[in-house]
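Letters A, B, C, D and E mark the chains as written, and numbering starts fresh at 1 in each.
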Amino acid sequence: APTATPTAESVAVPTQAPPTKAPKLAFTNTEIQQPQEMILATTSSTQDSGLLDYLLPDFDKEFNIKTKVIAVGSGQALQMGKDGDADVLLIHSPAAEKEFMDAGDGVRREDVMYNDFVIVGPAEDPAKITGLKTSVDAFKAIAESESKFVSRGDDSGTHVKEKNIWKKAELEPVGDWYVSAGQNMGAVLTMADELQGYTLSDRATYLAFLQQGLSLKIMVEGDSSLLNPYGVIAVNPAKSPKIRNDLANQFIDWIISIPVQEKIQVFKKEELGQSLFYPSSKLWQEAK
Amino acid sequence: MQQLLDGILEGLRLLFTGDAVLWEIIYLSGRISGIALVISAVLGIPFGAFLGLARFRGRRLVQAIVYTGMGLPPVVVGLAVYLLLSRSGILGHLNWSWIPQLFTVPAMIVAQVIIATPLVVGYTMAAVSEVNPDLRIQVRSLGATPLQITLAVLCEARLGIIVALVGGLGSIISEVGAVMMVGGNIEGSTRVLTTAIMLETRRGNLDLAIGLGMVLLLLAFLINFGVTQLQGKGN
Amino acid sequence: MAKIYDLQNVKRVYESRTVVDIDTLEIEDGEILAIVGPSGAGKSTLLRLLNFLEYADSGLIRYKGQEVNAQLPLDFRRQVTTVFQRPALLQGSVEENVVYGLRLRGKKNGKGEVLEVITRMGLEKLRRARARTLSGGEAQRVALARAVVVRPAVLLLDEPTANLDPYNISLIEEVVREINRVQKTTIVLVTHNVFQAKRMAHRIALMLSGKIVELSRTQDFFDHPRDPRTRAFANGEMIY
Amino acid sequence: MQQLLDGILEGLRLLFTGDAVLWEIIYLSGRISGIALVISAVLGIPFGAFLGLARFRGRRLVQAIVYTGMGLPPVVVGLAVYLLLSRSGILGHLNWSWIPQLFTVPAMIVAQVIIATPLVVGYTMAAVSEVNPDLRIQVRSLGATPLQITLAVLCEARLGIIVALVGGLGSIISEVGAVMMVGGNIEGSTRVLTTAIMLETRRGNLDLAIGLGMVLLLLAFLINFGVTQLQGKGN
Amino acid sequence: MAKIYDLQNVKRVYESRTVVDIDTLEIEDGEILAIVGPSGAGKSTLLRLLNFLEYADSGLIRYKGQEVNAQLPLDFRRQVTTVFQRPALLQGSVEENVVYGLRLRGKKNGKGEVLEVITRMGLEKLRRARARTLSGGEAQRVALARAVVVRPAVLLLDEPTANLDPYNISLIEEVVREINRVQKTTIVLVTHNVFQAKRMAHRIALMLSGKIVELSRTQDFFDHPRDPRTRAFANGEMIY
């Protein structure tokens, strides 16, 4: 678990629209109706970790909504928002999210939660990074020893984070040791395991694969620059008449509400001995 | 490796203890690919028969296009259908009620039809053009209309047509790129066997993924064993 | 007798070779016309033209006064059928083959007729045999049965007894003669066997290199040939 | 939608201004699938011809297996090859030098061979069994050895075999699941056109993805147009 | 003369029907043996047995003293070839078809011989024609040329002139006789034409329902038939 209790360094500013304290029903007449459908585009990590399977049934039941989850890359999720093919986005790519909001593609953004990245590597640790305090130092050591490093290479939130670290380390990773895989997190983890290399992973996916027999170990963690904040965005309803902005707001209000935030905190905590995601909505922070 | 064996066992376990969710996914896979295959057959067999029997200028060009279609990358098909049906896409934009929406079963069927049809056309063409040309003339002389001639030839080329359909079905029931993109792999509504396999792989549940793969293969085998029994004596 | 076919200046060209080149040919309704001639003379090609399976490259063919072209209506087409030199049988049983022409015409109740024709051709034991396993002569008889059963107005026979033994030859000849007599079917019989032509035909035409060099009543064909090549052909002496 | 057009323009731009990276990817796609196809043809055509010509007990069972193989889901193939070649896998474990390593071109070829071979077998079988059986006997009577008989039949069924190969090539050059898993989509070493398309899609660069798809299709079309010219008169 | 074939109690059964059922048959090296008999008698099936294309279900066939079975060595197999009743030609030109048997044997320099045989059969103008477009009689002659060019020790002919006119029949008969005389080729000629058998054969066998009911020198076959069915067959009167 992260050592310090970090505060999310959210690049994208939450929008002005104040979240309502208690979500209200999307429709008032409570007779049984066909559930209304809403499309949530998200990065694969939220689906692959099982978080959405854990949270969404409550939401769907409470509001008689059917949330359709489309798990894709962050870039594609944002593109879906731009094209009006999704009603609400749940992603972790702060800079791109800001751009999205600035372009007027989204109408409301809220912090939801964060988890953190860890630098993992083979037990032999050829670059000797175990115990290093910062990600920048670790990356420097890896580059210097030219140990294998597998990169997502797909402009995902994780990849963006990785590139930021290289930038901070003032390094240009090129060479045989640097493998740009262009794949999802799980594939990159197994690849790194296979090649006995290092990689940067979000904790949730790492833990999931650890249970499947991954041999990589966490080498560096807890650095505040390794935080991974997730935001939720309601897509601008001007994009398409089919966009359900009402449901999107409903969802945002719900996911940032205290009870749901608490639920996020305890997700898989018992099983893994640590939280996978840490709540960070404004309401939650104010309440603390 | 243990994992492969585990996967196979998992597959058997899934099939026999099979929970409702799994059966729903199986049913959906079958339904989508089945409907898509029927549509592809209806479009592809007549066109393939025509290409195999008729001689006209530009036939080679059409053949080359069909051959190319036989190698349409599912991801590209998925992408193109996605862009067309997207709410800001050419078709999605029109907002006509009969145009399927993204992330729905009809959209997936559209993508699969686009993938399977060229295969059915190509293989039907090959099968049909190998039928003894004397037979066509003979049947015509007996008073067959062009349609009846085509039917007679298709009937003679039965094995080839069956294999064309088997190949078409195989290509779409095992396809993941297009259904993932167009269907979105939504639990309980557009999740099929292949996208479920993909998801479980991403989640690191390799044995579950292999297990689902086994289920898929086993179903395919059962269907195909049925097909070989239907295919008639001597073939 | 009325003309059923009328050919004028008909040419058929394959890859720049003129295979059929007929100035004029009239076939009378109800007659048996034999066409004899050496291998490659264009006899089978002429039958394909008469069965509307190919069209003349120039000239005019009329069938019952109608110009023959791709627009010929289906019920005209269905009046004419051919027993080909190389019989092409369909997969399936003998019976399925024989019934096929009736099925094409949507006739459901031809069962009795089919059985009768099969028996007539001496094929009753082979009714359920797979057609593709038949012997040469059996296949030829199945092809004939299949053509006869649809009761065509014109029956074109391309060497129908080429693979048959003397007994079966007389059997088939008898069947054909009877059809001609009873059903008034016009018959065009292509044969290399001048004796068969003599036994069967009302008139005989000799075809050489696509041209009809002699066409006369059977008696005259043998007794008073107008063309010297006719006699030579009949005696197997002809050199071309 | 604009994006589809943009994509098509992007495709043309890529082809004509084509940078070295793109050409390398194209070359790699062609090389991997080309080699895999040759191997599949060498394995599949003889076996397909055998299945089409011979009559033996259990033939239907073998056919059903082949048909099932024609629908092998590429992801499952990828997964299985992955698990076999993985460091802790049965084969990878052995550490023999001729066993391909994961995330290398040979591993990708292995996966593609597994995908394409059943297709080549199935379609070859269909094509061959439609050749007039009289011809086999005739050729045998002329003194052909079993091998020569098979060659004669294959030659008669030429169009069918060509279509079988076209279909096999189409299935692997457009396939993404297996090459992604086994090859790892490593930039500059195992990235092929389809995995690049997938990557650009995930990145949200849909026009670039469509553009790459266009490049793939254009190349496939050129190859296939060549094939139709080769396929001989009358077909 | 030595025996080239020796058949003892040979039976061939298709779907529980015994199609060939021969107690004993010896074929002499260098003779022309004609086999006549009605359609479906089993003549073609017998030829397939003699060409090692099928094997007897019971009994024994010896070729040059060797037992015929699937293990027969290739050079024995290559001594025998058949001209089938329905000639199956390969795609490609007439010339390619004729040269095929030589190509199979890896002979490169048969070009002159091929041309000679093609000319002999009156096919020189069709050398480059696509084999699949030939007329019935042309195809039959190509098939014969293709068989003759490999100079087999045994030539099996299944109705080789069924589709030919009188001139071509005498031409082919002459060719066959010459091959027999000059190359000492053993010839088994299946024909439904008893006159052809008379013209060509040293000995004639009558086959009925799979059995050989009479086998004698040609002269005796016609003049002193031992079996009453023989005469009936020759006259086309036989009823079976």
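Operating definition for what follows: contacts are C-beta pairs under 8 Å (C-beta built on N, C-alpha and C of every residue); 3 or more make two chains touch, one makes a residue touch a chain.
Not measured: the values here are computed from a predicted model.
Touch-path distance (fewest steps) from chain A to chain D is 1. Chain centres here are means of the Cα atoms, and by that rule the chain farthest away from chain C is A. In terms of C-beta pairs in contact, the better-connected of the chain pairs B-C and A-B is A-B. Seen from the C-alpha centroid of chain E, the farthest chain centroid is that of A. With centres set at the average Cα position, the gap from chain A to chain E is 83 Å. Separating the centre of chain B from that of chain D, both taken as means of CA atoms, is a distance of 17 Å.
The distance from the centre of chain C to the centre of chain D, with each centre set as the mean of the Cα atoms, comes to 50 Å.
In whole angstrom, the spacing between the mean C-alpha positions of chain D and chain E is 47. Residue numbers of chain C whose C-beta contacts span two or more other chains: 86.
Looking at chain A, residues 187 sit in touch with two or more other chains. Within chain B, residues 3, 86, 88-89, 132, 201, 206 each touch two or more of the remaining chains.
Annotation, chain-chain contacts: A-B, A-D, B-C, B-D, C-E, D-E (touch as defined at the top). Chain contact summary for the complex, chain B toward chain D: residues 1, 3-4, 7, 60-61, 63-65, 67-68, 70-76, 79-80, 83-84, 86, 88-90, 93, 119, 122-123, 125-127, 129-132, 157, 159-160, 162-164, 166-167, 169-171, 173-177, 181, 193-194, 197-198, 201, 206, 209-210, 213, 216-217, 220-221, 224-225, 227-229, 235.
Residue ranges of chain B in contact with chain C, taken from their complex: 132, 134-135, 137-145, 148, 152, 155-156, 158. On the chain C side of its complex with chain E, the touching residues are 14, 36-40, 43-45, 85-86, 126, 133, 135-138, 140-141, 158-159, 162-170, 192, 194, 233-240.
Note for the complex: chain D touches chain A at residues 86-87, 102-103, 180-181, 184-188, 191, 195-196, 198-199, 201-206.
The residues of chain C lying in touch with chain B in their complex are 48, 51, 53, 74, 77-78, 80-82, 84, 86-88, 90-91, 100-101, 104-105, 146-147, 150.
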